[in-house]
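Below are two complexes that have chain A in common, paired first with chain B and then with chain C.
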Partner chain A sequence: MTFVAKPAAHHPRLPRNELGLTRRDYEGSVSTLCAGCGHDSVSAAIVQACAELAIPPHRFAKVSGIGCSSKTPTYFLGKSHGFNSVHGRMPSVTTGANLANRELYCIGISGDGDSASIGMGQFAHIVRRRIDMLYIVDNNGTYGLTKGQFSATNDKGSTSKKGAPNLYEPIDLAGIALQLGATFVGRSFSGDKHQLVPLIKAGLLHRGFAFIDVISPCVAFNNHAGSTKSYEYVRGHRGDVVAADFVPKHHEITADYAPGTREDVMMPDGSLLRLRKLADDYDPHDRVDALAYLQRKQREGEVVTGLLYLDADATDCHKILNTVDAPLNSLAEADLCPGNAALASINGTFR
Partner chain B sequence: MKPTNIFDPTYFHKVVDCQWACPAHTPVPEYIRLIAQERYTEAYMINWDSNVFPGILGRTCDRPCEPACRRVRTEEKPVAICRLKRVAADNKGDITPYIPRVPKVKNGKRIALIGAGPASLAVARDLLPMGYEVHLFEKDPKGGGMMRTQIPAFRLPAAVLEEEVDLILDMGVTSHFGHEITSFKALLEQGFDAYFVGTGAPRGRDLPDVPGREAADPFIHIGIDWLSSVAFGHTTAISGKVIVLGGGNTAMDCCRTSRRIGAEQVTVVVRSAFDVMKASDWEKEDAMSEGIPIINNRPPKEFVVENGKLKGVLFSCVKPVKDDKGRLTYVPSGEPDVFMPADHVLMAIGQDNHCPWIERDIGIEFDKWDCPVLDKVTLQSTDPRVFFGGDAAFGPENIIWASAHAHQAAISIHLYCQGKDLKTDRPPEGVNLISQKMGMHEWSYDAAHDPSKRHLVPHADKRVSLKDVKMEVELGFDRELGYREAQRCLNCDVQTVFTDNLCIECDACVDICPMDCITFTQNGEEPELRERLTAPALNDTQDLYASGVLKTGRIMVKDEDVCLHCGLCAERCPTNAWDMQKSVIHVPQLGSYAS
Partner chain C sequence: MTRYNDFVIKFANVNGSGSASANGMFAKALFRMGIPVGTRNIFPSNIQGLPTWFEVRVNERGYLGRREGVDIMVAMNAETYEEDVASIVPDGYLVYDSSKPLARELRRMDIHEVPLPISTLLLSEFSDPKQRALFKNIVYVGALSALLNIDFDVLTGMISAQYKGKDALIKPNIHALEIGRNYALEYVKCPLPIQVKRCDAVGDKIMIDGNTAAALGCIYGGATVCAWYPITPSTSVAEAFERYANRLRIDKATGRKKFAIMQAEDELAAIGMVIGAAWNGARAFTATSGPGISLMSEFLGLAYFAEIPAVVFDIQRAGPSTGMPTRTQQSDLISATYASHGDTKHVLLIPSDPKECFQFAADALDLADRLQTPVIVLSDLELGMNDMMCEPLEWDDARRYDRGKVYHADDLDRIEKFGRYVDVDDDGIGYRTYPGTHPSKGSFFTRGTSRDAYARYTEDPEIYTENMDRLTKKWHTAATLVPAPRIVQGVQPRPFGIIYYGTSESPMDEALDLLADDGIHVDRMRIRAVPFSDEVYEFIATHELSFIVEQNRDAQMRTLLVNEGDVDPAKLVPVRYYGGLSISADTIYEQVRNHFVANKLARISEVQR
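== the complex of A and B ==
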């Protein structure tokens, strides 16, 4: 844990976004996680993505459960709404937040324990319900807060710090999200912000449920030679299928993108997501093939990263429920209590 | 880029911008930390060791360290380094136990020092502990040179000057005050083993070709001579309207002195623009705050004399323009000439080297500017026995340069007297790196960044100080203000040291760095690499720190430019690949031999 506060001073030429804010205005307090924790890099990527999107900090709601991952909302977006909820219950609270105020950008932060063990049921149902949110799992394959037991996402055969092998099959949260109908699924690595930041931006702007499984090494308990979630293992076994470059709206496309099959996807706010295929045999719009590809590669020991699946025409829970366009919290008394005549007419439909 | 060699003494020395900019390479952050710890005596001795005159310089230094200070780049105003030096001097305890002992038995070598200014005194201090017999020749009745004659007492009280001058004289200098050397040839015949010329730049410039100069002579005074005459009490008053010509620190001293000894109106007139005046900003500010107007872009055209009395000065009007090469030149502005009435004119338009007492046929060569031909490093003249330093060497500079020259000249004199080679036997610079880690999250320096703005120094009440030429204007920081200002220092000598084979590339340092100094990226040529760092490194005067190749094939690149030395990279590093290590730069001095 760090005692030295991060100075407010910043680089004299630090860029400002359209709101006149710098990246530093999107930070939170200094992290109390172990030095070198991948989760801090995920927080830094969220900070960078939010700043570059130039969304006012008060438009975000960050919600988490319990665990190392779920501590991190304290370390980013210090000027936005937040709720540190019960273990595994982040999805319920986020559902409430999103239904009450559909104009919020909801960021749910969870971990492999919080989502794949105690919160597995909640995870499955929030995917089904297509809550308009970005769900990030800081996935390190270990229970760091309780000193390093295997979590449910730990690969079979991967060893603990002291060398004992894991005997159980892993849960692949990205695969389950695909199976349950998620319309935006990505997997990334905390050590690669070039990949992670555009994915976070796209996930935030995606209308509907967006899920990113971020492999985020635990330096204290799961960064050793026998681990499949260490910095070194992930770097050595990554296979990037689709790169997603984020092009803000009104932004002249001048950047030189690497060659490869290209596809531009229009995001709801008018920005572009430029997809580049890095694996020839991969189609990010085919749910069934994507799932098969993921499972095949997992068997080969490869960690597939990038934008795994995208349904650009997706809708969200508000559409399914046909809710009013305005956020519920903005409805005045007259909207909510339309009077006896309206009540009588509603009652009339049941007679 | 090649990996940076941090064991090259100059690499981390340059990161300590203040120390690098100081001609005497005073270890500034080290003594500032001691001030914060109320260890004023130690802070003073660190200064005394490297710049010889901490109390004097704490009031009068030209402060090349301050514009170099990293805080200028991270916010705006530098740490008030010079004033902190004075805090150390004002609050020091008994320093006598720390003054080097001078052996009673001499080494048999006799050295002559000519001129008792800062350069000669500093040479004496370096030579005496080595057993040299040091003879000091000075035309004035007291020591101190220009520090006594050209710096008015309201900036440098006599007691402060005398304390530091006498400290050296009392180490065992054989002084010959009131003894003007009129022939170097005769002195050379006295058979000293080596000679050091520290006679300054004693000739104030004149304007002999301006019409009326000759007729107005009784009312025109050369600035430095006039200041000297005030310092020794020969001049005690000036009357009527005074015009000071010139834009340097001497001009500021002349106008402020005039203001104090009776002038009814004082005006400074400068031929150049305000921004390019040679005077230090704070000297200009002080003069203006005393109600003295500074008028720019007015070269003198004629001294107007009527009935044998000066009436005033006629000035032409010019304006600055930049030529094709960006140099500033002045062209007539088209405005009519301006006449300004004056009873006296003080001429402070620069000064020159002037050694009429050195015969030009005795083997000491001079260049076309009348400066001696010297080796830049050894300060040896074309006569191997004769060394120069201070303003006498390369023209007018300042006290801190005199100290710096003196250390080099003393090393040269010692090597020369030992029959060694002045260059190949010269002691090298060195660097030690010492980890400051005390525990898991404990550092032996105050790593936290203090965002305070520069503190202002209190001044004496103008109603009193403007009536007394000897009353010091700046009161200096008290201990409390000194502590607060000391906390602004960024500890640039506590270096971020990176060990590449320990790094696991977790990005923790990149994420925490408040100034975006650190990047992990593919190697490349430096100019191209500078463009694609986390924050592009646009300040070419500041180095990039590059590591060896890491496991992913990338390298770590740190831009030293705006690093706060807050230690957060080391704090957040899980493997101690980053460590905060104090760089102790060893700048050779003659004392280096003594140990």
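== the complex of A and C ==
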């Protein structure tokens, strides 16, 4: 970690977004993670994505569980409220936060220990409920804060820093999200900002539940030869299926692609998500095929990345619950309290 | 000699046989005749087939606690005949289906038998065997109307009201009532020497269960998020909330809902959702029982330390572990107060009747916001799941929700520097902000790790200690805000007191009258909340000795008093019952009296002499 405080002054020519804000307005405090940690790259990608989307930086709710990944909400979006909750329970806290105020952008940050082990149940159920949020797993295959135990996403046979092999089958969170009906599933790599930033933008704007599994190497405990979550391994074994480029609203579309290889998807705010197929045999709108593809490639030792699945017509939990448009936390007595006259008639039904 | 409006009648049935509605109708009929009734469902953890009982205490003086011994047993379950017959007091009555003769070994010479050939009577009247089974219950209610002199019009009126819109069901139901009634009138000397008589002892009271009242309290108190996981005996809190919210909380213009209910995957998620919603400024609650409190403990500690409001209804049942899930107890006192690791403690509100369930639900939502901490409403199965007589529910239309100390955007513009945990008002409570309030001010990081007054992570021993001490200060503030104890003292101070809480209220009048008959007069105090206010400690200090009545084995309230208030344990004599039924007046009377006898304590009558 660095002990140098961020300078208050910043470069005068930093680009400004539609709100007149720079990337610095979307940053948080200085990271206390190890130098080179993949998680810091994810935080930086979040900062860039939010700044480019020009969402007011206080309109996010950042929620996390426990672990290295869950410390990161301190390091981005410092003008927003953050909640570092308990281990594996980020999904339930975010569910409550979203029920209370549907207007905030909810970002849930979790890790592989937080989501694939102690929080597996909550992970599964938040997918089912379609809570309108972006759920990011900083997936490094190891328990960093307790110094390098295997996590449940670690591949069978992948070795620890001391050389011991992992004996158990891995849990693929992206595959599980697909199976449980997630309407936006992506996988990316913390070392590839060009892929990750557009995915984060699309995930934030997606209506309903968006999940991104980000392979994010742990430089301290899981970046050695023999690990399948190291920078080197991921770079050498990636297979990108669909690239997603984000085209802001009112942006002139000029690029030209061969027919059949690209598709423009309208996002709820009017912006476009341009999907470019990098694997011919992959369809990001077919849940069943996507799942089969993922499993086949995993068997072959390939890390499939990109936008894995998208249902652009998805809805969210508030739609399912049929709640009013106004955030529930904004309702007061006039909306909530039926008054004593109504109570008198209720009393009458108990006589 | 005829005895009016003073008896215990118990119905022994088979679970799932439709007896609950018939038995409920019986109790309600007496209530509508102006006679106080207390009802108790004694049911198994089962859906169909196991024995179940319904007990009604009828008492014009308003003694509605459970009383030992049964005056009239309606024995409809052959499987439990033996224990049912044995529970009848001498000179009591056994009403049974005599279509099959009663086994000789079950007969008692000291009770009266009232044989009713119910199955046989129904056989000739109804061809559908399913209908015959259901109407068995209606037939005995009809017979009881003659045996006990219940206004028949009240019963037929209830049938008509119950099946309004389903008129085809009214006639056969009333016919079934008549079959029982006519048989009794013809073959039994009616009414029995134990009977009812219209009176005016009910007034405008209502009969409602505590869970329904609590749910209404949440509606009135402005809860918008309910997250829960099904567990007996708390389930009906969430279900009643949903029922009433769907009537009372629908936006008229759009038909959309001004509430969100989430049935969570477990209790951990339920409390997590409540905490997330409350953090984000909505009023939220969950309902559970003892096992749920165990599961929620980690999150409750987070809410205590991070200072987030949360309202939890703990409808207690008999523990430990799964215990007796359909029986009542007050055994979560300590686990609820100190739920979670570290130096954690929580505010408890302890209602004793449905009206208090309603009030305390709304109060809990206010207090949780005011104190920025979890508030646990500690009810129990006896109160939560049984219809109980109480004063009508009331709401003051001038009442405004106390959302506690919250800075909104204009407040933030006004103040120089915001610190989430700064003790501005010297009461241990800081000001919070809701997420998304202001573009540049008022955001902070909520965490379960230690932090300074500005919500920045710290492991500084002094800052940590200061923060913990501020939480203690907040605890003392809470003691001044929670419902005060209800104290009834003699004109002259008496040397002895009796302390109790929750549903031990039901038998207390009767128990104290029994003791008074023996010359034992005590002052009484009903504790209604934790932390304890000064009045609680004063009561203990000004009495030589106090009995403390509890429905748990380990005298948990006594432990709390000793622990929290440094009370001399010798001044608190435990009176305990933990068998899973509600505590009876006889139990309290006997234990207190025995203590007087064993310790040769002077009774008031003797002192005055």
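To be clear about the criterion, the second predicted complex is superposed on the first by the 330 of 351 C-alpha atoms of A that agree within 3 Å, B and C clash if a C-alpha of one lies under 4 Å from a C-alpha of the other, contacts with A are read in each partner's own complex, and residues count from 1 in each chain.
One rule holds for everything that comes next: a residue touches a chain if its C-beta (ideal position, glycine included) is under 8 Å from a C-beta of that chain, and two chains touch if they have at least 3 such contacts.
Not measured: the values here are computed from a predicted model.
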Contacts of A:His285 with chain B and chain C, given as first, second, both or neither: neither
Partner chain(s) touched by A:Cys37 [first = chain B, second = chain C, both, neither]: first
Touched partner set for A:Lys161, first chain B, second chain C, both or neither: neither
Touched partner set for A:Ser92, first chain B, second chain C, both or neither: second
First, second, both or neither for A:Gly339, with chain B first and chain C second: second
Touching partner for A:Lys297 - first (chain B), second (chain C), both, neither: neither
Partner chain(s) touched by A:Pro12 [first = chain B, second = chain C, both, neither]: first
Partner chain(s) touched by A:His237 [first = chain B, second = chain C, both, neither]: neither
Superposed model, chain A: greater residue contact from chain B or chain C: C
Contacting residues of chain A [partner chain B, same complex]: 1-14, 24, 30-31, 34-38, 40-41, 43-44, 190-191, 193, 217, 219, 223, 231-232, 235
Interfacial residue positions of chain B with respect to chain A in the complex: 73-75, 441, 447-449, 451, 504-508, 510-512, 514-516, 535-536, 538, 551-552, 562, 564, 566-568, 571-575
Complex interface listing, chain A residues touching chain C: 56-61, 63, 73-74, 78-86, 89, 91-101, 103-104, 121-122, 124-125, 129, 318, 321-325, 328-329, 331-333, 335-340, 342-344, 346-347, 350-351
Chain A partner contacts - residues on chain C that touch it in the complex: 31-32, 204-208, 216, 219-220, 222, 224-225, 227, 244, 248-249, 251, 254-262, 264-266, 268-282, 284, 298-299, 302, 392-397, 400-401, 433-440, 443-449, 457
